[in-house]
Every structure is written in C-alpha cells, then in structure tokens.
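Here you go, one structure.
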Amino acid sequence: MHFASDNWAGTHPKIAENLNKHASGFASAYGTSNLDKVVEQRFNEIFEREVAVFFVATGTAANSLAQASVAKPGGVTFAHREAHTIADEGGAPEYLSGGARLHPVDGPLGRIEVDNLKKAMAGYNNVRAGQPMAVSITQLTESGTLYEPGEIAGISAVCRENGLPLHMDGARFANALVSLGCSPADMTWRQGIDILSFGGTKNGCWCAEALVFMDPAGAEAFPYIRQRAAQLFSKSRFIAAQFEAYFEDNLWLDLARHSNTMAGRMADRIAASGNVRLAWEPRGNEIFAIMKNTTAAKLRDHGALFYDQNAPASESHLVGEGETLTRLVTSFATLPEEIDRFGELIA
Amino acid sequence: MHFASDNWAGTHPKIAENLNKHASGFASAYGTSNLDKVVEQRFNEIFEREVAVFFVATGTAANSLAQASVAKPGGVTFAHREAHTIADEGGAPEYLSGGARLHPVDGPLGRIEVDNLKKAMAGYNNVRAGQPMAVSITQLTESGTLYEPGEIAGISAVCRENGLPLHMDGARFANALVSLGCSPADMTWRQGIDILSFGGTKNGCWCAEALVFMDPAGAEAFPYIRQRAAQLFSKSRFIAAQFEAYFEDNLWLDLARHSNTMAGRMADRIAASGNVRLAWEPRGNEIFAIMKNTTAAKLRDHGALFYDQNAPASESHLVGEGETLTRLVTSFATLPEEIDRFGELIA
Amino acid sequence: MHFASDNWAGTHPKIAENLNKHASGFASAYGTSNLDKVVEQRFNEIFEREVAVFFVATGTAANSLAQASVAKPGGVTFAHREAHTIADEGGAPEYLSGGARLHPVDGPLGRIEVDNLKKAMAGYNNVRAGQPMAVSITQLTESGTLYEPGEIAGISAVCRENGLPLHMDGARFANALVSLGCSPADMTWRQGIDILSFGGTKNGCWCAEALVFMDPAGAEAFPYIRQRAAQLFSKSRFIAAQFEAYFEDNLWLDLARHSNTMAGRMADRIAASGNVRLAWEPRGNEIFAIMKNTTAAKLRDHGALFYDQNAPASESHLVGEGETLTRLVTSFATLPEEIDRFGELIA
Amino acid sequence: MHFASDNWAGTHPKIAENLNKHASGFASAYGTSNLDKVVEQRFNEIFEREVAVFFVATGTAANSLAQASVAKPGGVTFAHREAHTIADEGGAPEYLSGGARLHPVDGPLGRIEVDNLKKAMAGYNNVRAGQPMAVSITQLTESGTLYEPGEIAGISAVCRENGLPLHMDGARFANALVSLGCSPADMTWRQGIDILSFGGTKNGCWCAEALVFMDPAGAEAFPYIRQRAAQLFSKSRFIAAQFEAYFEDNLWLDLARHSNTMAGRMADRIAASGNVRLAWEPRGNEIFAIMKNTTAAKLRDHGALFYDQNAPASESHLVGEGETLTRLVTSFATLPEEIDRFGELIA
C-alpha cells in the first residue's frame, strides 16, 4: 500500500522500453539530436502552437528557472503559501533567480485567492518594497485541488493588469488535465499561462521535466540560463526518449487517468468507512483524509505508507483531538488491490 | 566513425538492463532508497575510505557545486586555462558559487604548471584582489593528457601551503585510472584530492554524475547546497541503478580500457599513416591529430565525425599552413572496425 | 513642522565642524587611517569589550551584510513582518546574502513574539524547507516601540537553543538606549546580540553607519564581504570623523534624548487634544497617531509634513471610518516651537 | 611628499564649505530633494544631453552596478587586464552583477588593443562559453595613460558590431578631460560611451561617485538595482552638495588641471635628474618612474610616500636589476613645494 508519494513509483514499462530502444547508437549531445527535435515538435502539437521546450533535471529546476527567466532587480513572485516552490524547494527559486523574493499568498486549499493576490501586490511597486515580477500557481495544487480554467483566467487577468507573466507549476499537470477533461492549450495559454513546468516524473517517467514557454520569443536567453544553472544534459536524448513514449498513444493521459481513478476508488472507500473522512474533495491523485491517530497507526502496522500533513491554518479546525490529517497519493503504478486492502482496513 | 565525443554514445547494455530491473516497484525518494544506500557504500569500497557521495545531473553541476561547497567572499579558484570549468560551463561555476572568479593558469597540454599556479596565487590574498579559494585540475585533461600521481601531489602541496582544497574534475576519471593503472585512492585522496567530480556519463552511463567528498566532514552543508541548486533527483534510485551496474564486476574499468585501447589503435594508425600526425601523445581516449584540411574534408565526406580544435597558444606552432588540429574521441561503444576504416582513409 | 522622517534632518553642527577639521591634510585610505583606528577604539569603550567595527554606506547595507556574514545555503532569517529589512530594503538582504529568505514573524507593535518565532522556525531545518540562519530584531522598532533588555534575552535564548546568531537593526539605536536608560552593552551583547547595525545617520550624522560584531572572531571574513559589496569607502576617515564627534562628550545620547523629549512633548499635546489620539504609547522618537482625515489635511495645509501609515493587521481595528493612522518622527533638529505649533493646530 | 594616492587627500575647502552650507535644515530623503534635482540638471548641462544620474557610495559600486545594469546570463565583460574592476574590486563586479565573468584583455600601458578585444570576444557567443555582455575601459587608465577620443570610437565600433554597451570607468575622469582638452560629451557619448562611472572622490570630494547613463532609457531598472545593492543614501543631498560645489565655476576642471600640472612638474624634475627615469610618458596625474632601490629607500627616508608597482608583463623589460617601478600620484592638494623637494632629492 504505497501512498507516500507518486515519486516513489518507478518507470512505466513503455517508457523503460523506449529508453532501451534508444540506448545503443550515437546521437549528437546537448539537446541537438533528432530525437530531441522530434519531441520538441510533439510539444508543439500537444499545445496547439509553437512553444519553446527545455528539458531540466528536476521540477524544482523547472520552477526555479522559470523565475530566473523573468527575473528583475528587487523582484517579487507571488505564489500560494503552501506552494512547492515556497515550501519545498530549499531556496532554489530564490538562489537561481538571483535573489528574488517569493511572497506567500493565502487562499483555501492550496489555491490563490484573487483578492489576496491583489492585496499582496499592492504593497510593492516602489524601490524600497521591490517590484512584482511574476505569479506562480500550481495545478494540481499541493492540496490535491485544482483551478478551473476560468479561475486561471481570473488570475491571469490580474497579471495582465500588472504586466506580469503567469507561471504554472505542473508537477501533476496530467492529473489536473484529465480531471478537468480539457486540452493542454485550454488549461494553459488560452487562460493566460506564459510559462509551464511540465512534469513527467511523477506520472511514470524516470526523470522527465521540461520548462515550456508558450511564446518562444520569451525564451531567447533561456539556453544561457539553463547552462548557467548546470541543467543541460549531455545525453539529452534520453529525456526525449521518455517523453516520446510518454506522449505515444496518449500514454501520459492514460497513466494520469489511472492515478485519478485509483484516488477516486480510495475516496469512495473512505466515504463509505466510518473511521476515516475526507478532509476535502480530491480532484486528482492526492487525497487528504482525517483519521484517528490509532487508525493511522493500525494502517501503518499493516504496511500502508503515507505521510501526516500539517493542516493549513484555514483548515486546522477540521482536525479533532486525537486525530491526524494524512496525505494519500496514488500513482500510475497503484493497484486496485492496494486500495481495496486499505478499504478493508478502515472499514 | 563516431569520434565527435564520448557523450554521443548511448548507454551500455548492462547499465540499461539494470535500469530496467529497478524500473518497477516503489522506493523512497530523494536519495533515501536502499539502492541509493547500497551504491554509496560501493563508493566507500572503491575509494577505500568513508566518503560522502552526492548524485547530480551533470558534470557541470558537479564542478560548479564543488566550488559552491568551498565558496568564500571574493573567492578565486585556479584552474587550467582550457579546463572545462572555465571554457565550457557557461558561467555555471561562477553563478552557482555565488560569484567566485575562475583564474586561468597556464601550462602545456592542459596541465597546470606548479610555478604558474604559485605566481597566479601570489597576486591574491588581500581585500582588493580577492582571496584564493580552491584549485581545480582535470584528469584526463581537455588535451587528453594526464597528471601522474606525483604531479597531483605536487599541486596539492601548493594547496596545503595555502590552506586550499583541491578539486578534481573527473569527467573521464576511469580513462585516466586505467591509463595510469593505479587505484582510485591512489589517484585522489592519497595525493591530496579533497573533492572529486566523478563522471559516469561519458563512459557508458545515461546520466550518472556524482560529487565525492573524500572527507565527509566537509560535506555537511552539501545537502542544502545541492537542493538550492535544484540538483536533487526525486527518483534518485535510477542514478544509483546506473552506478550499481557501472561498478559491478568492474564494468567501468573495462569500458574505459576499451575506449583507451581504441584510442591506442587509432594512434597507431595515425602514426603509420603518412598524411596525419599526432599533435602529442594521447594518454586516454582523446586523440589530437594534425591533418591537411583536405584530409579532414575527405574523412568527413566518408562519414567520419570529429571536431576541429583551436590549438592552445603554446602549441599553435605545431599546426602548419593548410592544416587543422582535430580532436578524435573514442568511447565504450567504439568498434575496431570504425578505427580500421578511419585508418584506411588516412593511409 | 518636519515630522516626515529623522533622515530629513541635516548634520549636527558639531559633526559638520569635525568634518571640516579633518578636511585638509592627507590620510591613508580604505579604513587604515589613524582616525579610523581611534574611532574603532571608541567603539570598544562604548561597548565595554573588544568589538569589530566596519563602516558601510547605508543602514540597508549594514543589515544586508549582517545577513551575508552568517549566510548558509538554503538559509532563512527571521524578522518581524514590518521590519525595515523585510519591508523597505528592496531585496538587498536577499541579494547581498546570496539568496537567503527573510521569513516574516508576527507580534504586536513591531516586536517579534517568542512563540511565533518558535513556530516559524519549527517549519525549517530540513533540506526541502531550508535551514534557519539568523534572527533579526529592530530596536527602536518600526512602530516606535522597543524591546526591554529581558525581552531581547528571551529572543536570544531561542537563538541559542537553535545555534543561531541574533542581529539587531539599530537604525535608531541611540533613541532606544536613552529611552531604556541602559548601557550599550546592556542592550546588546549582555542580552545575546551578536551583530549590530549601528546607525548614526538618523541621529545627526550625514552618513555614518557601522556594522558591529560583538565577537571579532565572527568577523574574520567580513573585510572581503564588505569589499565584494562595494561598501569600502576610500576616504573612510570622513565616516570616522563623524563618529568621533558623535561620541564626543556623549553628543549622540544628547541628540537622541532631545528627539525623544520632543516626541514626548508631542505625545503630551496629542493626549491633551480632543482631535487626535495616540495609536499606542511611543517609546522613542516615533509617534503613531490617529486623526480624522480632515485633521490630517488641515495640518498639512498649515505646513506639517508627515506620512500616513498602513496599520498592521493586528491594529487595524484602532482606526475608524474617516480616520487615518499617521507617523510623526522627531529628530535632533526638531524645535519645541514646531511641536507647539502642531499642538495648537490640533487643540 | 604625499604621492601614495589621490584618495589620501582630503576635501577641497569649497566642497567642505558647501557641505556646511547645506548641513542645517530639512530635505526629503533618498535622492528626492531639490538639491539632488538641481545637481542632476547640472549633469545634463555638462554632458550636453539628458542623462540619468545615480549617486553611489564608491567607485567600485559604480563600476559593479554598471555591470549589473547590463547583466545577461552567462555574461562576460571585457576589460583591460590591469583595470581596477578586475584587479582591485574584490569580486564586487562579479557579485553585484549576479555572477558575470570579467575577461582580461591585453594591450600596452593599460589600454585595450582593438585586435585583442576582437580575439577575446571571438571565443564567446555560444551557450558553453558564455555570451559577451559589455566592454569596460578606464580613462585615465591604471597606467596613467589615456585613450584619445578616436581610440574610444574604435573600441565602441567593436561594441556596436557586437551589440554591446561600452562602459567607462572615470575614477580620474577630470584628469583625462583636462589632459585631452575636450568636452565631457566628446570624451563619452560622442565616441560611443553608454555608461560612465563618474568619480569625484579622487579629485577633491569627500565621497562623490555617480553612475551616468548617457541614454536614460537604459536606466529604467536602475533605481531597483541600486537599492538592491544597498547603495541609496538617505541623506543623498550631501552627495549632491559636493557635486554642486565641484561643478561650480568649473572647480572640478581646475582641480584636475592642478593635479596634472603638478604631475608635469614632477615629470620634468624626473627627466632632468640623472637618477630616476620615467617608465613612460604620463598623461594625467599618475607618474610611473623607475629608480634604483636605494633611491626609493632614500626618498622614503626623507618622507616621500609612494607605492612600488608590479610592472605589467609587456613592460617588465624596462626595469633593471636593483631597480623598482614606482607609482607617484599627485592630487588637487599637492603643493609645488612637495614636488620641488622631491626633485631636489633625486637631483
């Protein structure tokens, strides 16, 4: 019962197989191979426009270099207080952007609230406070919720008014996409997303992260930014090979759909149980559930792996005495049997 | 006839196979898995001491974060003028170390000369000039030459006198090792190397680079430095899996020995030809050869891939009118037939 | 009626006079002159111990380089949400410390609350969140309040438990000192302050800011840090000359006492008026007063200069409909007549 | 006999007097006062166009922030090997520009040679090497020589071809100006200078350095860059007051003329002496003279202050056995009697 994180899963067989297929032979290095070019073209098709795509080593790198690509002196980027880029990246966005500040914005369940965003921005725009530089949202959020396309457009409207680029951290992009049932274009640039951290690693790749500039004109300096950050792979074709298989026959969407389905199955089991309750409605592959400490201990005794989670301040009332908030993450590799076993234990 | 670079080769079958073997199943993320731990232990055995090992995405990352780990305000690192870290890393060492300077030191054929190093250092050590921070050498050098162990000890003596750490860029560590026929310990810490960029990518891995601190005490802050640079893989076990196979039954040494042997075979063919001559004696898997421009063109017409190279100032007299200096690199995947075909073309 | 800021005032005549006295003649540059040395010795006497003193150009430089001097990778400094270093320094502390984060801590009236500090710290100390690096408090605070010596000791106890240095932003150090009636040593190192931004500019100097390390052993790298930040004056003796006069016959304490007395006089006038009320009790030379918008307009029509102030969230209930919170700052140059005139206008 | 450096001199009486004149009274802070505005206007007049002027604390700050204002990822600035910005600024340009590299260019007597500049640039302009970012020249150079206006135009032509801004370090701007007998405009933007470090400190100010953007459009982000570097003075009007007096009745040109005249007088005495010889022809207020070690010792015994200087490699043949190259700097405060006394001692 592996519900600790989707990055505890391995590599999907079709992706592993494609890596093998490309393992032999020679190809030019540093992102110049035919396979790199083919995959770049695939991104164009997927996003229904010409985009600029850059592979990097980690999601943190994608998020951080997104900031670097729009850096300003005294620059301030606005993100949700619980966003990965603020809470989990060890200062990389600040460091790799040359000292930008990340300003935490509040909102329920991992989602920036437009009014809070406006208020946060209002304090800046002078030399002593600093100047707004970008907004970053996460889709799926860290709370397993998501922004409807119209909500993204609402945030991007604030960005446009203030002349700011809008970045999306898409570490779980595919999970959000299949949950919303919309196209990649509809979830991104059509709502005003300028730069996307496109994550494949959590959804069945081994290591496949890309930064996507919806307008290639904004990416002209990025080859230098990536190299300066030591994020240019010599055998880049092996990232490309993962993405090739990932996109083939919509594997990526199938894998995300599976994860989400498993999460839905778990949500059903939780709702049906008397002992555990959903903290809030899950929208992708992350479930937040409240259970007695004793239940959590029992589950772990039986081999279930999952993390406790600090409740955000706004939700702390949900968790009672002797209870804990837990995060349960499904993945492409989650088996229905694991869910069912979990369901039995909490029934 | 692929002689452009050893990073144009792919992944050795045994390494690809081990990646497959570990592709399924779940493992804890961010370098904490059992496999990560097993491989760390292998590094201890290989270096005959307890070392601290950190996987990173690229050789440039290893070199740059080595600098970051010893950074000082106004710090200056000394490296050979043609060192990869000065000539080919796009400012990453400067950026990731927070603005350190790389001071180029001269010496014939890619090797720092001790007297030049001393002279270069003498200009520093005051607030206005800056303070020496580290020395970095490359083994194999960019000229395909190497430092004998005693020569490394000579440079490390200068470091010790000045209280400076000594870093080795080992992008082609294995090629140097089998060429010298000594142990990893004898080529590193026994001669005073403190930090090693240990490269596996050019020698048959897909992406396997590690920074090795010979004294773990010097690495206490490094987990933060790596995370801040966005170089911590979530599915780190897949780097570990590559290294596991790389070290199994001394595969790594066999692969390097093959590369070097192929280079030796090529050197013999060149020496025997009337049309091409060795610029200097190769010591690993990089050959520098001088040929008529017409010969280079003919070779390329027949499908040989290799780069022209600017001769270092000290060697520019070697290259005559109408001639060019070329770099020819062999790899684990080079076939004797490729060499022989090359030999025929220049005979 | 100049109550906009104490840095709108000029230079005290005795300080100007001493600058003149030292204007002619030659002296060695970059902080090495006799006068520099004499003044460094004066700092030792004032703090009753050997300290290390470094002149810098601005208070922001002092605060920022304090952070640089204790920088760690992924480092996080804790300061009050309204602290100058967070709200008014345009990203300098982040930039000059190589990307450190400033984490805002709440507490009433500009003062960090120990429990909030502990809670803020608890979230760090792992690679993904970052590591605590320092705590910074402001004395006088931005709200014109101050920390009692015992309260400083309470914060420093948290620092000690966590192995962190404690910095004091003393832009209005003298105002706090005479208000508390204690010695410089009692307000700093005896309570656990490690590094002090010692400000003279707001209290009658032209440009005289110093960073004081209570333990010189912690300052060994600082000459390099200051030079790297371009903060080493060539004619440093002219900073020294200001400090020499500033300390002579306790001029600095007299000037601060005057400012505070003028603020007290204003507080009395406000308390006595029916139209304006103190938002909270002033402790130094900054008064926060609530008045009708119409009163504020009238005062400005009559030539009073002062700023409106956003009320901190915790105090926003104090300000009624149609009212504004204002900040009124007195200085060494404030005349009783100005206060009296102000008093008449609000009577 | 103070010939150590022009920054050992103090403040010219007229500048000190003007500081006194503005010492009392109130003025708005952070560069917004009337006096600040008046002086900015004076810069426009002096340069015969609208320029953007920013006061900073040191010449190193001006040079470093010039780099910051044109920074690019992987950026490389070209300057003479002996330029202050490379040899004497302790890494500030690298640090404050976010990690740019300074590439040393050779040329006789402190002056960049166009061919060397072109060669140096040719090695860049790709991701792995980095990209050219700016060229910086020094006027007067560190060797006391200067560029003729046409020579500046020659360097700026290379900049234009490569789309690069041209910076001038004018720490001794006035000395160069009166030596050439041309206008500030003719020595700067009319020859293609884009950004100027305008130094007043070495020529009779106490602390007066400015960064001048010949085209204000290039300076839009600079207020943020300066603040982020902690270089914005609160009582900025006292920098303005120095410049006001400095420019009044062309005081600045008179002071520089005096320095240069004193240097000329010294050069004459040296030429007439049998014991000391000029290393090369001085063009401003810096003299490089070669003398026997015994002569240098004798001069110092008699109270002459001056520094020994390492000869640049290209000039080392000038200095014989038992001789030393010395630097002798005159200033606005040098007295003819000092020169004459020096002349007697070497006669």
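Per-chain numbering from 1; labels A, B, C and D assigned in written order.
Please note the rule applied: a residue touches a chain if its C-beta (ideal position, glycine included) is under 8 Å from a C-beta of that chain, and two chains touch if they have at least 3 such contacts.
Because the structure is a prediction, the values reported are computed rather than measured.
Chain centres here are C-alpha means, and the one lying farthest from chain A is D.
Look at where the CA atoms of chain B average out and do the same for chain D: the two points lie 42 Å apart. Computed from the mean C-alpha positions, the centre of chain A lies at a distance of 51 Å from the centre of chain D.
If you average the Cα atoms of chain A and of chain C, the two centres end up 42 Å apart.
Within chain C, residues 73-74, 89-91, 95, 98-99, 127-128, 130, 224, 227-228, 232 each touch two or more of the remaining chains.
In terms of which chains touch, the assembly is arranged so that all chains touch all other chains.
Residue ranges of chain D in contact with chain C, taken from their complex: 2, 4-5, 7-11, 13, 16, 19-20, 22-29, 56-61, 64-65, 89-92, 95-96, 201-202, 206-207, 224, 227-235, 238, 305, 333. On the side of chain A, the complex with chain D involves touching residues 30, 68, 72-74, 98-99, 127-128, 130-131, 221, 223-225, 227-228, 232. Note for the complex: chain C touches chain A at residues 73-76, 87-91, 94-95, 98-102, 127-130.
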